[in-house]
Each structure stands twice: as C-alpha cells, then as structure tokens.
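Chain IDs A, B, C and D follow the sequence of writing; residue 1 opens each chain.
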C-alpha cells in the first residue's frame, strides 16, 4: 500500500518524534508514504478564524497538489491537518459555489478526488497485521502490562460530518489499535474532551486547566500513559505538564499512537524518539520491564510446581 | 322520458339581488326533459319544501333540481323532502347559484346567464341519476381490544358494561401494562397498583370479556362491522385450565438470572415466571428463549437438560411440547391500545437513531431511566420501596433528574415533546424527597410543561414544598467518576456551568410507540406518522377514529398520553363502538364503486390505487366450474366512494354511483355552446 | 434594502444599484485585478446578525431554543462572559454592542463540542466563526491581544514562507503580544530535543500561497467577511 | 386563424369559457367559502363537482375542450389533505403525464390549470379563477377541434387544419404524413 503523505508543519518541528515513529512504523508495516511535493501549511488553527474561504483554500492547495501528483488517498497524521484537509474536501463537495471558487483562488485545477486518511483509520485498518506481528514475537511482550488511555481530542471526531470514521462520543478505533499492540485500553472519561488546542501559546492558563483535567482523569482511571494522535494535544499534555501543579503525583507519560505501535512491533527505541518527550518515559518502561519479569517469574513458579506435582505422581505410582 | 322539476330559490335577496330568478325559471322551463320550473323566495323554508313535494306528486317527477345554495348546505334537506313525497332521494341534486354565483358576481346579466348554465348542467346530470338504496351492512356486535394496559382495560370494561362481548388481546403474560409498573401517580400521588389491580381483576372476571394474554394479533380481514381476526396464542407451556398459580414451578426453576422485564432489568426472574405477584391471570409463562431445557433442545441434545418445573408441578400443568396456536375471532369493531415504550438511549441503536453516548446510559449502572426509577420507588420493587441505587445498593444522597432526553431533539432523538416527563419527574423528586428527606433532588429542565388539572400546582409543590432544585438547562455529559456520577450541566438563568457529583441519575427518556407498531398498522391498514404513532382520522374532530372505518385508537399508541388522557380516550372509543353496535345493521351512503364483472379484465389497477383496500379478487369459473381468471369486486362496506378506481380502470368497468361517466359527460356536454 | 454593488476594476466612485431599483453614488475601496468578479453584498443598513449568519453560514439561529447544552459542555465556558448559548441569543437579538464588546467570541477553541451535541443542529462553532469573520472585517472584534497576536503571527508565517516555522511563530507572537518573557525557559529545552529547527523551510509554492491569501483577504475586505461562497453548508437545509 | 394571429380586438370581445373539475371536500368547499366571503371573481367558470380529484378522468378534460371550453381547471385538496387519503396523489401523477399528451392533442398546455385549493382558501380559489381566465383570454379562443370537424366535414385535410391551429405551428405541411410527423415531432419535444 502506498499513500500520499502530508506531514504538516509541526511534524518537522515540535513533533519530530511523531514523524520519526510514523516513518519507522510505516516501513515496518510496508506502507509506502510519498510526501506531497511542495506542500504548504494547511492554515490549521488560525485560517478559519480569520476567513472561511482561506480556511478551505489553504488545505485545498495541498489536495490539488496530491491530485496532480496522482494520489487517491493522502495520510495526514497531524489531527489538525487531518481536520482541515478533510474539512476542505467536505466544504468543496457540499457548499454551493465552493467547487467553482476554490480552483479560481488556487489558480490550479482541483477535482476534489483525494480521500484524506487519519492516522487512526490507517492503523485501525492495519490492526490485524499488527496483532499478527505482535503474537509472532517470541519474548514476552511488556506492553501486556501497559494500561493506556486513548486520547482523541476534538479534531479526530468533530465535526462528525467531516471526520465521522468513528463514534463522536465514544470512539473505539484507538482502543482497537491498543489491543492489537497487546496493551490494555483504559475506560476513562476525557477521550473526546478538548485539551485547549490552539491556545497553547496565546492562553496557556486555559490550556493548563483543561489538560490538567485530562491527565487527572486518566490517572484516576488507572492509566500508566496517555495515547495521543495529535501534535497539538501532545504538546499541551506533554510539554505543558511541567507547568501543572500535579501535587507530587508522578508525571503522566504521553505517547504518540505510532510510538506505541513501534514498541509493539519491537522496533529499536532509537527510531521512536522517546528522548524528545518532556515527560520522561524511562520510568514507565522500567515499570513495564519489572511487571514483565514478575510475570515471567510467576509463570516459571507455576511451571515448577506443576513439574513437582507430576514428579510426585510419578513417584507414588 | 325524464320528468324533471327545477326549483329556483331567491334566498330572500341573496340570490335574487344579482340573479334574475324568473328568467332562470323561464329558461329552464323550455329545457328538454323539464316538466316544471318555478322560483320561490325561500325554497328551504317549510312552504318551499311543501311546494317541491306537491310538484313531485302532481307531476310524477322523475328528478328534482334545486337551484339554491351549496349542496353542503341543504342537499340533505331537499332529499329528505323528496323522499317524503315518495321520490328516491338520490335523484335530487342541487345547482349552486348562491355561493358560486350570486355572491361572487355583481353583473346581473352574467350572473343570470351563469345560473342558467349551472341549472342546465345539473338537469342534464339528473337525467342520468339512478335511484339508489342506502347500503345496509350487518354488524357483528363484538369488539376486539388490542393491548391490555390501562387504556385497553378501560375500553374493554366500558364496552362490556355496555352489553357487548369483548376480546382483549395482550402480548405479555399479564395485563396491566406500564401502569402496573408505576409506583405512585401524579398529580395525586395515589398508589398506581391500588387503583389498577381492581380494574385488572374486574376485566379478568367480566362475563363478557374474553382475555388472551401472551397472544398477538396475527391477521386482520374484513371491514367495519365484519372483521375476522386471527390471534396467535404463543406457546405458554403451562395449561391455563390446570394451573392453580401456586408458584411451585417458579420456586423450583434453576435458571434464575434472567433480567426481569417488569422491574425494567433491576431484578432477576426465573425462566418460568409470572411477571409480578398481582399478575392477571396468575398463570406463569415458560420463557423458552432462556429455559435450560429449550436451550438444550435448540442445541439438539438427545435428552432434555432440565425438567424441574414439570417434576414440581402437582397439577401436571406443564407442557413442553405445546406450540403456538391460532384462533379466529369475528368482531365488528377494533380498539387499538398498544401503548408506548421508552427510548432506549444506549449506544446500540437499531432504527438508525443516534443514541446519547455522552450520557453513559447502559455503561454507568447508576444512570437509569424513568421506568427504572418507578420500580426503585415502588413498594413492590426490587428494593421494597427503599431508595437504593443499582450499583452498590447504597442510598443515593444526590439524585439528578434530566428531562427531555431524546425528546425535543431533532438531531439525536425525537422532535416532539413526550408530554408526561415534566409531571413524572416532578413526581419522582417528591417520591425521592419523601424517602430521603436529607437528600438533594436536582432537576435539569428546559421548560416545565404542566398543563392539566392540578398539574402546575403539583410541579410547583415539588419545588416549593419538597425542595427539589430545578435548574434550567440541558446536560452536556454524564460519566462515572469513582463511585459518583458526574453531571456537566448549565444554569441558563444564573449563567454558570453546573457540575453535580451525583449518586444516581434519572433520565426522562422519550416516549415512543411500541416496537412492531408499523407491522400492526399495516395489518389494520391504519396510517402512522414518521415517529410511528398511529394517525387519528382528524386531529380535532375525530381524535379516536382512524381512516379505516371501525378501527379506533386509545392511549399512547396515538401520541404520548398520561393516564387520565388514556382513560378518557378509552371511554371515547367505547362510546364510538357502542354507537356502532346500537343497531345490528349499519347504514352507508350508497355512492360507492361498482365493478362490471363482464368487462373487467382483471388488471387490478383499482386494487393498487384504492386507499381503503376495498377491492377484492373474485374467481371467474368456466362451464366446468374451474377457476379460469379473476375479476375485481368492490366491497361496499369498505368503499368510501372516492372514485379513484374509476379513473384508472382501462376497460371502464368500474362505475361510481352518483358520479357515473354518463352523469359527468352529460354535465360536460350541457356546457357545450354556452 | 439589500444593495448589490457591481464593481469595475478601477474602484473609486461607482454607482450602487439596489434591488429596489434606486440608484445612489457611493465610495468603495479600490479593488485590484480580479475584483470585477466580486459582488459586494454589504447592506446599506447594517444587516441583522441573524440574517448575516443565515446568508453566510446558512444557519437559522432562530432554531436555538436556549437549552444551554452547548454552554454546559463548553471547555472555555467558565472563562467566557458570553458562553455559546448567550452568543446565539444575542445574535438573534442583534445586540452587536454586547456581542462584540467582550472577548468571548475569541475564546472559542472551535473544539466543536457544542456543535456535536446541539439538539437543534444550530452549530454554534460555525456561527462563532462567522461572527469572528464579521467582527474582524468591521474592526469591531475586541480579540484579546494575545489571541489576536497568535493568529496574526500564524498567518504572517504562512504568508512569508508558505509553511509555519514554529520558531518564527513564537518570535512573531512575542513581538505582537509583548509577552516577551513567556516560555523563554523552554526554548533551550526544545532545542535540546531538536524540536525547534531554526532555519525556516522555504518552498517553491511560497509565492502561490501568498497570492491565495491576498485573494481571500481582498474578497473578505470587499464583502464584509460575507463572501457568497463563505460556508453555506448544503447539508444544513432548513428544517 | 392561428393563435398567433389573435388581434387585440379579438381579445376585447372574447369571453373565455372555462370548465372546472373540482373535488367535493376541499376546492368545492373553498369555492363556497369564496362565496360566503363575497369575493368577486370572473364569471367565466362553470364548476363540475366530483368526490375527489382521483375520480377525474383525462377524457373529461379532453371532452370539455372538444365541447368548446377554452380552458380547464382541475383542482383538489392539497397533497396529504385528501379526504380519501391518497386520491389527489394519483391525480397529480396522472396529470403530470397528461400535460404532455395535451400538446400532442393540439391543445396548448397553458389552457389547463392544475391547482390545490383547500376548504379554507376561498381567496386562493378566486385567484386561480381570475388568473386562468386572464391567461386563457391571452391565448384566445380554442376552436381547433371545431375547424377540425369543419375541415373533415368539408372533406378537407384534418391534419392540415390541426397543424394550422396548433400552438407553435410548424411550417404548413402538405399531406397527412408530413403533418402527422410534424405533430408527433412537436409532442416529442
């Protein structure tokens, strides 16, 4: 499978590890990604505020490019970009005049034929493959002891007529991926609540309030880590976490969905970019290792006991 | 040769002012086939009618045309008059020269000319009128009532007390319906079962009521006065005659973990069960879906996996091999009282409804709906009437009630108002506060709709006396938060977000028609709206009748209804039925369609377009009496006389009495050269 | 009176023909190439907000029955003087003064929670977007300096390079907002983690993007944030 | 005289004759209401009452034209308001098709008005009447069939007569076949 790939601006900046892990995972799963040549910013959090037409035109340019470069599907791993791109697809398809107006503005032909894929759709589709690979791995999978809270945020599920690949209130796609990785999806409450998104810089106080609530709920529901599929959310939950007064609570690691899959597939840690996180992920992995060892020991004990019993039986007879 | 009398009315000045009635009379007098033509000041007055009668007798008239007001005004009057003079009323027609002429034109010349034309057309029509006889249909004076809730019981009792037999069909093991589940009722807070149970027993013991429980209507044939109804008696596995309702079988039944329908899933029941102690009849039903024995049989086990109930039953009333049986009942009228269900807003939505993921119903055990609360509050309920929440049986100290869940919500639910929720929520807060005086009852509402006798006072009492906290605003999210249930709401009156840490949440979910209502409606050929509620014949003037003559509606199958309304409707249907049964024959207007079987080609276009299903297929036999084809036959009892079948008949084999092609063409031709 | 203003490329004075046939003279901003295709819908009298929203976003605000479900779930609700349902109400009441006075409009995150749960499909998020466009176009909006600064900086970045350089964004933002010291501590940390590529990426299409933004801007400026194309969603046919 | 050739003078003296087929429950009652409300209207319309528009056969309309009506009104209950629940739907469907047929028959479809008038719409009935009368007055008298009859009586060429009179007349065709073709061709358009 080969997809056109729209990185979006933050993939080359604040969320490098997202792209690194994505490329690693894609390679491992034989998904070809061809970066759209000369792609430009989708206008994410600002364009639509200023001007609806601009909010459609900026992402549309990239769709037009993809079209011209012969793509039928484009992967937008950044949730904001995904939302903007498929928003443009929807607007051009549904809104009177748009189909005609947009090519005029772009001064490019645009037939609106490209389908926009979110990272969750992609990985959910690949879940069976992932599951297979994970099962095939010999060494005990430490992820079996990992409880993950799948955090969707806004942009992957709303508005439903634009996203709509999953239930808007209780989406399940990410949980499928988590299970495929042999980790345990946590049932919690903040999966589709907003983290403060675009106010990260301009109104940090709000972001701290909102993201804090998300992290607290994840912890209360027994999550070891939060799973994100959006650079913006990740920044707010990971990078801003330091600024939250967590009352001595241990910090909550925030993983990209691709990083989790990478771990499950046993890809080299170095290729997944955990070192770029602000919340240190080492304690988590240490914890998982310990759990794995414990489990292994217990298993060994059971085996031994069994053997002993068998032996005794043999002796008796 | 027809001898027609034409009578022109001045209607005082109303017609004469603009129409020269004399001129009309003169013009018509010379018209072929007209024997007498005369004008008079008030034709509808007694002397006027006398004048017509006399003319009929003196001139042996074969037809009468009264040029006056609209037929909707006085057609009956003049037809009656003619009948008194021994003339068949259906050869009397009216030419409307008032509403359609004198009142809308001021040019005397034109108006008069038009009046003459109009009179002539009607005269030409009347030449082709045939004497008709009023249709008389025999009436089977027995009624069928579908649904054994309070509406059905009331209707059955009223009809039976009126002296006629009633067949009462209930799909559940017992009659009583939703009312039997309720704790107390608004606005009086009297115990629901205390007022219902006697009625149930009365219906059961009534000599003229034949009760079929655990039964459903399979098929309905016939028409008003002459319905033939097939009833499916679902296999009960318990012999109703032998069983004495001792309950040993239930006590013995090993599979005891089945969610109780009666307790809305809050308690467990056995596989063989009577839904509740006061059930009528007090005869258990074996739920074959959950019964170990039948599970085994479905799996194809060689020997039965269980049989405890049969072993315990001293009367030997248990029968594992009984199948569904069918009985046919002949009735003259049908009352539909199938009632309602609550909108199950869980995540799984069969009919393409969206449900409410944000409210956690189905996932959070302490988020329940109105009927579940009724069971919690009921003395006969799973907690014996003590306030205990489902999850851990603790007494909830803060209960949140959310109104309009699924109602007034075109996006995710129903666009209509479910009507009863405002009142029962007020009732719930009272019941709760009476049981837990130190508890908080918080209500999120959009409007308080308490129109009804003593209703507003009641809901105000909940707030003013019992201290229910009403907050105006919808709820955005409900989710589990430790052992609490978090409720995110908004108070639009004090403009602040309100977050409540509740112990229990009660959702006032929308009232919907019973599942399977559409199938039933099709069997009855009764129409229903986009929400599935059955349609009344006229929203104001015929609220309990349907477009199918002889079928009536009572209670919540027609729209969300509370108990008083349901009972009132039931009474109304009973009145209609008793009216229909007041004579053993039913008189109908004879202007119905009639098929000429000689020319009918059997294409059955008529059958396709007939809105009343009045067209039947009749066999045509050859000399040897073998069926060699089919022709259409119009059932005069069902036909309402719209004439659609006439217009679509390719071989012109259907005629509509009173509006035959001959008559209409005669009218058209009469207009030639005016 | 809904006035249609047919522009010639020259701009300056031109005749304004109203739908009721009356003709007046009016001064309108100079328009550059391509403007002849534009038709100005700016009313002579300020158009009622509800009508504006209906025209540009095809949303009938009168559908709102003030249930407050939007405000109940709004993440920014606690910080807004006017939570979503009030914004719907004031739009219907055409109360520009109160609507544009505070910063509530600008506190909307467009997280769409309100729209997703609105029982009447009024789509508050979209209404707020439309109102922000209008406010910006009329210079009526009092966006808090920070928020405005962020959006401006963001668009500035795209205009400059066609892509968003986050470093550039932060610098731009600091200059505009004056929040010079905000987050200074984190920059080194960011750099250490290789999260701040200092050299902005330059793309061939930069000019093209700049042009797109110019066209849209002109269209908005020229039609009071009410370009006919602006967001009539066919899905939301009036029910 | 082809319709194109109607002079203003003709229109001045011409009083259209309109036959109206109406249903008993909505339009007839609506017309009654127009009367009780004393709404003045053109006196050119003669009403034929039927139980339901569903009862109205196309041939009634054709017959009316044949017998010298210059225009025809067919009016019944609004969709969904039919006293007989569905009759008017069947009527609507049938008359949709029938319009096509009309022009084939050499009748300008504008001579046929199909409308919904409810029992409460007296004023609307008055409008329907006045509008139809005005429209037909514009179109002039409908005498195609008469001349058709005359022509055939005079053993002339009926189709040519039809041709000459029919709306949007195609170039005068000689011979039956050509004319027939022209007629059929027009109906196909």
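Here is the rule we use: a contact is a pair of C-beta atoms (placed from the backbone, for glycine too) under 8 Å apart; a residue touches a chain by one contact, two chains touch by 3 or more.
All figures in this text were calculated on a predicted structure; none of them were measured in a lab.
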Handout entry: Busiest interface, counted in C-beta pairs
Key = A-C
Problem - Whole-Å separation of chain centres (CA-atom averages), chain B against chain C - result: 53
Practice task
For chain B and chain D, let me know how many angstrom lie between their CA-based centres, rounded off.
Solution key: 41
Completion exercise
dist(centroid_CA(chain A), centroid_CA(chain C)) in Å evaluates to 29
Exercise for the section: Round to the nearest whole Å and give the separation of the Cα centres of chain A and chain D. Expected result: 69
Practice task
Spell out, as numbers or ranges, the residues of chain B touching 2 or more other chains.
Solution key: 358
Practice task
Indicate the residues of chain C shared as contacts by at least two other chains.
Solution key: 113
Problem - Touching pairs - complete list by chain label - result: A-B, A-C, B-C, B-D
Practice task
Would you pull the chain C residues touching chain B in the complex into a rising list?
Solution key: 65-74, 77-78, 83, 85-86, 113, 117-121, 239
Handout entry: chain C partner contacts - residues on chain A that touch it in the complex
Key = 9-10, 12-16, 38-41, 43-54, 57-58, 61, 65, 91, 94-98, 101, 104-107, 154, 157-161, 168-169, 192-194, 196-199, 201-204, 206, 210, 239, 275-278
Practice task
Would you mind writing out the residues of chain B in touch with chain C in their complex?
Solution key: 358, 404, 408-413, 446, 472-477, 488-492, 495, 497-498
Fill in the blank from the handout: Per the touch rule, the chain A residues reaching chain B in their complex are 167-170, 189, 220
Problem - Footprint of chain A on chain B - complex, ascending - result: 347, 356-358, 479-482, 486
